[in-house]
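In the two assemblies presented below, chain A is common to both, partnered first by chain B and then by chain C.
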Partner chain A sequence: MSSRTDQTESRNDSSGDHLPDQREGGAVAEADDPFADPGLPPHEPRRQDIDERAARRSERTVAFLFTLSMLATVGFIASYVAIPIDEIVFIWPFGHISGLNFALGLTLGLALFCIGAGAIHWARTLMSDEEVAEERHAVEATPEVKAHVLEEFAKGAAESQIGRRKLARNTLLGALGLVPLAGVVLLRDLGPLPEDKLHHTAWQEGSLIINEATLQPLRPEDITVGSLTQAMPEGLDPHAENFHAEIAKAAVMLVRLEPEDIKDPRSAEWGHEGILCYSKICTHIGCPATLYEQQSHHALCPCHQSTFDLADGAKVLFGPAGHPLPQLRITVNDEGFLQALGDFEEPPGPSFWERG
Partner chain B sequence: MSTATKDPKTRGKAPAGEKIADWADGRVGLYSLAKANMRKIFPDHWSFLLGEICLYSFIILILTGVYLTMFFVPSMAEVEYHGSYVPMQGVMMTEAYASTLDISFDVRGGLLVRQIHHWAALIFVVGIMFHMMRVFFTGSFRKPREINWLFGWTLFILAVFTGLTGYSLPDDLLSGTGIRFMEGAILSMPVVGTYIQMFLFGGEFPGHDIIPRFFVIHVLLLPGIMLGLVAAHLILIIYHKHTHFAGPGRTNDNVVGMPFLPIYMAKAGGFFFLVFGVIAAIAATATINPVWVLGPYRPDQVSTNAQPDWYLGFSEGLVRMMPGWEWVIPGGYTLNFGLMIPLAVFPGVLVLIGLYPFFESWLTRDNREHHIAQRPRNAPTRTGLGVAWLVAYGVALVAGGNDVWAVNFNLSINAITWVCRIGFFVFPVVAFVITRRICLGLQRRDREKVLHGRETGVIKRLPHGEFVEVHEPLPREALYTLTAHDQDRPAELGPETDENGVRRKVSPLERLRVKISRGYFGEQAQIPKPTSEEYREITSGHGHH
Partner chain C sequence: MKKLSVRRRHPLAALVVLLLALAATGGLYATLAPADEAQAEASAQSLAIEEGKKLYDVGCSSCHGSGGQGSSDGPSLTGVGAAAVDFQVGTGRMPLQQPGPQAEEKPVVYTQAEIDQLAAYVASLGPGPSVPNESAYDPSAGDAARGGELFRTNCSQCHNFTGQGGALTHGKEAPALDNVDPRYIYEAMVTGPASMPSFPNSTLPEEEKQDIIAWLHAVNTADSPSPGGLGLGGFGPVSEGLFAWTFGMGALIAVAVWIGARTAKARKS
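So, the complex of A and B:
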C-alpha cells in the first residue's frame, strides 16, 4: 500500500468500513494478481525519433505553416488598406456580404490558425513524446504541521487579547457591522420611489387618439372591421426625453368588431360602435401584443405567445400572461374624433406586487 | 572569497536571458517558482481541452472587448442617425445604437471585432457547460476539488450575466425587448419588485440609465471578478495537479503526462491560436446579431422570433412553458406565479448544481482524495441524474424557441408548449432510467471482456461438432484499466441495538442517507466488478470461453 493511502486512512475519523477495498497501489501490488498495475508501458519511438528524414519533413511542414501565417498577416494588412468598407460582394455560399469583413476575418483566422497548427505539429512530431509520471502529495498537512499552526494561532489570538478585551472586541464588531450602511444609504438615489407611477399613463379624459403611423387623430371611420390600428395619446412627442417611458405604458391598439361578435357587454360599452381600444402592452412582461388574427379576434404576443381574445374583454386564452389587457374607455367628441374617457382603470403592462 | 571568475554571481559572462532571469530571481524568486512549475506534468485527454477553450475564449473576449470600448458610446441620449448605413439615416436612436452601427459600418474591421466578440461569448458559455459536464460525469469534482467546482460554477453564472449585460448594450429592438423582459421579471418579485425596478432603471422603464449601468457591469464589475476567479481556478488546478484516467502506470498517487515545458506549452499555446483562428473565421463568414436589420428599440415595437442568446434560452423556455397563474391576495397585492416560479427554478437549479459535490461526499462519507477521473458508466446513478438534468434543460431550450419550431416545422405552437410542459417532468425520468440501464449494460460488457476476453470473430469447430467463437484474453494493461475503479458499497444502518441491547438512535437524516446510498450503490445500481479469484477460476479451466 502506498504511504498516501495510509495517511488518509489514519486521518479519516470514520471507520472506513463502508468504503471500497483499499486501492491497489502501483508496483507494490502482488505479482500474481491478474489485475495488478503493470506500470507505464515502454515508450514507442515515433518515425521522427528514428528517421531524420521524417523529422526534417516535419520541420518543413511546421515552417510552411508559420510562413503561411506570415503571408496571411500581410494579406490582412493589404485587405485593410485596399478593400473599401462599404463594398458588398457575393461569395457562395454566404451570399451578399461585406468584402472587407470577409477578407479581414479569413486572413486573420488563417494567420492565427497556422501559428497554432504549426506549434502543435512541432510538439507532436519533434518534441519528446515520452510520458513522465510525477508523484502527487496529499493536500492535507501532517499532524505535526497542523499542531504547530494551531499553537501559533492560539498564541497570536492570545497576544491580541481579543478574548479578554470584550469591550474593544464588541465595539469593533459594531463598527464593522455599521459602516456598510453608509454604502447602502448611498444607493438610495439610484432611482425614485415607485409611488403610484405605474398606475398612471399619459391618457386622460379628452385625450385624442393619435394614429402612430400618420400621427393624425383617429376618426371612427378610419378603423375598418378586421383591421388593427396602433395608436398613442395626443401630446406625446417622439423627440421628448420621457417619450419612451410614456409610450411604454400608453401604447394602445384599436380594433373594430361586428357588434354581435363582442361577447363581453362591458367591453362593448367601453368601446364606440364596435371599436375597442386595448392597451397593446402584454400583461406578461410588457412586449407589444399586436399579432392580430382578424377571423378569431385573437391578439398574440410574439415574445411568449400569450393569446388574448379581443372579442371577450381581452381575456387570456393561452400562454403565460396572468390577466387581460386593460381596455381604454373611448367615445367620439363633437368634431367626430375618437377620444379617451379617462386613464386606464387598471395599470397596463406586466403585473407587480402593488397592482392589486 | 573566491576570485571574480569563479563567483557565480559575476555579471557579464552569462547569456543575456540568464542575466534577466538572475535579475528577476533576486526580486521575485524566479528560479524557485520555475523549479516547481516549469516541468510540471499535464495529462492528455481530449476532454481536458474543453476547459482550455473557455480560458482562451475569455482572453479573446477581453482583447476584443477592450477594442470595442474605444468606439462604443454607452449613452441613451437620443440622436438622429447620419452615418453611412442608408436605411437608418434620419432615424431617432440612442447613442448606444448609433455607435454600434458606426462600429459595424464606419470602423474598418469593427464589424469583425464585434462578431468575434459575440461568437467568442457564445463559445465561452458553451465551453463552460461542456467543461462542467466533463467534470461532473467523470467525478472530477470530488475531494480535493470541490472548491474549484464552486469557482467554476460561479464563473458559469457570471459568464451568463456578463453575456446578458453585453448583448443588451447595443439597444436594438431585440436587446431592448430583452431588457423589457428583465424589467417584467423584476416587477414580479413580491414586495420589493417595483422598488428594485425603479432603482435599477433610475425611474420608469426604460429611462436613461440602464445602458450606462449595464456597461459598467459588463466591462468592469463582472469581468473583474471573473479574472480573479479564473486566476484562482488555474492556481488550484496547478496545486491539485490535473486528474487523469486510470491506465497502466496511472494511479491515484501520480500524474502521468507531458511536461509543461516544452510539450504542454507548445500544445496549449498552439491551441489558443487555433481557437482564436477558428473564431475569426466564423466571424468572417457567419453574421451574428445583425443589429442594423432590427432598428433601434422602442417599447411599443417588437420583432417576431425574439430569443435571448442560447445560454438563456432555457430560462426563456421556463417562462414560456409556465401557465399564467396570478393571484390577487387579500390586501390588494398581486402574486405573479407565472414569472415567479420560473425565476425561482433558475437559481434553484443552479444551487443544486453548485452543491452536488457536497451532496455526494455526504452520501459516500468518502474522505479520501480522488485524482482518477471516473468513467461515467462506473457511476450510473450520477450519470443518470446528469443526463436527466440535460434532458430537462433541453426541453426548456426547445420551449424557449417554440415559435421558431412552430414556424419552421409547421406545428401548432400550443401543442409544442403542451409537449414541453409535460415533457419537462416526464422526459428526464425516462432519460434517467435509460441512462442508468445503458451504464449497467456497459459495466456488464466490461466485466464480460475482463473475464472472457475479447471476441475475435474467429469461429472454431470443436471435435464434437459444436461451433464456438474464440475469445482472446485481454492484455494485462487492459485488464488493469477495466478493473482499476473503486466500487462504493451502499451505506448500512447498522444493528438496531447497541452491544448492551439498548435501541440505538438513528437520525432521520441518516436513514435518508442510507436509502439514497442504496439507490446509488445498491445491487440494482452497479454490476460488481470482476475479482481476481473469478478471473483465475475462469481462466484456469481449459476449453471454456
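So, the complex of A and C:
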C-alpha cells in the first residue's frame, strides 16, 4: 500500500480510533485543519517505468505511428501524381466526389494526425512524468532596485536639461505631434469619394426595360399577373467593365398585380396597368430582395428576411430594412415597349449617412 | 378488251370485281379519312372532357366549385390550363389532404389517363398553358452553364443555389428540386403553383426553361458529382457551422481530454 493511501486513511478514518474516549464538559478535540494543502500526491510509477518490455512496446507503438505518417505522406504524393483532377468516384456516404480531393485529404490528415498521436503517446508513456511543483515568486521589484531606477531616471532627466532647455523641448513635442498627420493624410487614398453616384443610376427618361433572361425589351403583354421578371435598363452590356457597378444600383424586378389589389394609389399611378417596377436591391444591406410570394404580393430578402409589400408601395412589413424599395415610374412608348419615366426618386439600396 | 369481255362469265370474275370494288372503297376512304380522323379526335377530346368533368365533380368540385369558378376553400381554375392540373395532380399536391400553409407533395391518387382527362376538362374552362411536349424539357438538349446563370437570377432566391429549397413565410416553403421530373419543373415555371411566381414563355422562353432544367439535372440528381462531398444539405454556413461546432469542436475537446488524462499507473491501490 502506498504512502499516499496511508495519509488518506489517517485523515478520513471513520473507525473512531482518533476520537476522544469520552465527552468532557463541552471540550472538543482539536481536529486537523480541514483546509490544509494536501500537497502533491506521491509519485506512482507507470508500467513502462518498471517493465522494460512494456517500455519497448510503447516505443514500437510510437514508431508505428510515425511510420504510418511517413507512408501517408508518400501516399499523398503518389495520389497527387496518379489521380486525375477530374476523376469522380462514388464513396459512401459522401456520394459522387472528386477522388483526388478525397485521397489528398485522407492521406495528409493521416500523416499529420499520426505525428501528433505518436508524440502524445511518447510523452504519456516514455517521457518522465515526475510531478514537479514550482513556487510562484513576487512580481514586485525589491525596494532597493526601485530606488536605484528612480534615482537613475532623475539623474538622466537633469543631465539632458529637458527642464531648462524649453525651446528644444517644445519643438520636440511639436514635431512628435505633427508626424502622425502624415499617416492620416494617406487615408485619403482609401478610395475616391462617392460624390453623388449613390443618388443616380443608369435609368433615364425613355430607357427601355430590358428582360435579363432574353436581353430583349419588355412589352406590357409579356408580363402576366403572378409572374416575376428580372430586368435592367437598356444600354448596359453584361460584358462591359462597369456592368457590375451599374447593375448593382439599377437592377429591377417587374410584377403584375390585378389593379384592384394595389393599395397605394401613387404606386398604381407609377406603374402601367398593374405592372409595377421596383428596385430589387434590399434597402438593408443590398441583397437582391426578389423572393416574391405571388399570392400575398410580398417580396422577401433571402439574407435577413426583410419583407416588402409590393401591393402597398413596397412598404416594409418585417425585418431590418429601413426604407421601402424605390419604385421606378414606367409607361409604354409609341412602339408598345415599356420604358422608364426617369431615374428613381430616391437612392436605391442600403441607407448611407448622406441619404437623408 | 375482247379477252376481258369474253371472260366476264368466268367463275372467278365475281371475285375480281369484288377485289376492285374493295380497292376503290379503300382509296375513297383514304382520301376522305383526314376529316373523319379530325372528327374522331374531336370526339375523343370531348369524351376526355366529359370523363374529366365526372372526375372533377367527385374529386375537386367541393373546393374549386361546380364549374371551376373557385370558392372560399379553393382558387378559380379558369385559365390555369392543363399544365397546372398535370403538375398539381401529377405530383400528388392535389387533391388536398388537409388545409394548411401549402399543398404538400404526396403519393399520386389518379392514373395518368385520369389526370389527362381532368386536365382536358380544366383546359376547356379557359385558355391556359398546355402540357409541354417532351422535347421542350429534355435536359440533354439544354445549355447547363446558361441555365445556371438563369437559375441564379430567377430561382435561387427561394430554391437555393443548387435547388436545395428553402423556407418562406408562415410555414410555406420552396421545395427542394432534387430528382423532380423535368416535366414538372417545366410546368411549375409556366404555371407558378402556390406562392411561386410564374415565368411565362413571354419573359422566359422555352429554350431558357430547358437550360434551367439541364442545369438542375447537372447539379441536383443523385448521380450529380459534388467534388467536395458531404454537402450537408447545401444550406451554406448554417449547417456547415453547426457541423464544425458540434463534431469538429467535440472531437478536439475529446482529444484534449485524452492528452491531459492521468496516465495508466503500474499498480492500482
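Methods note: the second predicted complex is superposed on the first by the 322 of 356 C-alpha atoms of A that agree within 3 Å, B and C clash if a C-alpha of one lies under 4 Å from a C-alpha of the other, contacts with A are read in each partner's own complex, and residues count from 1 in each chain.
The rule we apply is simple: a residue touches a chain if its C-beta (ideal position, glycine included) is under 8 Å from a C-beta of that chain, and two chains touch if they have at least 3 such contacts.
Given the structure is predicted, the values throughout are model-derived calculations rather than measurements.
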item: Chain B versus chain C as contact partner of A:Ser98, first or second or both or neither; value: both
item: First, second, both or neither for A:Pro259, with chain B first and chain C second; value: neither
item: First, second, both or neither for A:Gly156, with chain B first and chain C second; value: neither
item: Dominant contact partner of chain A by residue count, chain C or chain B; value: B
item: Touched partner set for A:Gly206, first chain B, second chain C, both or neither; value: neither
item: Which of chain B and chain C A:Asp49 touches, first, second, both or neither; value: second
item: Touched partner set for A:Tyr292, first chain B, second chain C, both or neither; value: second
item: First, second, both or neither for A:Gly336, with chain B first and chain C second; value: neither
item: Which superposed partner A:Ser227 touches (first chain B, second chain C, both, neither); value: second
item: Touched partner set for A:Thr214, first chain B, second chain C, both or neither; value: second
item: Chain B and chain C contact sites that coincide on chain A, given as residue numbers; value: 2, 5, 94, 97-98, 101-102, 120, 124, 129, 212, 230, 288, 290-291, 302
item: Residues of chain A touching chain C in the complex; value: 1-2, 5, 44-47, 49-51, 88, 91, 93-98, 101-102, 120, 124-125, 129, 211-214, 218, 221-224, 226-230, 255, 288, 290-296, 298, 300, 302, 307
item: Chain B contact footprint on chain A (complex, rising order); value: 2, 4-5, 8, 11-14, 18-20, 23, 25-26, 33-41, 80, 85-86, 94, 97-98, 100-106, 108-120, 122-124, 127-129, 131-136, 138-139, 187, 190-194, 197-198, 212, 230, 232, 238-239, 241, 244-245, 247-249, 251, 280-281, 284-288, 290-291, 302-306, 316, 318-323, 349-356
item: Chain A partner contacts - residues on chain C that touch it in the complex; value: 150, 153-154, 157-158, 166, 168-169, 172, 192, 194-200, 202-205, 208, 223-231, 258-259, 263-267, 269
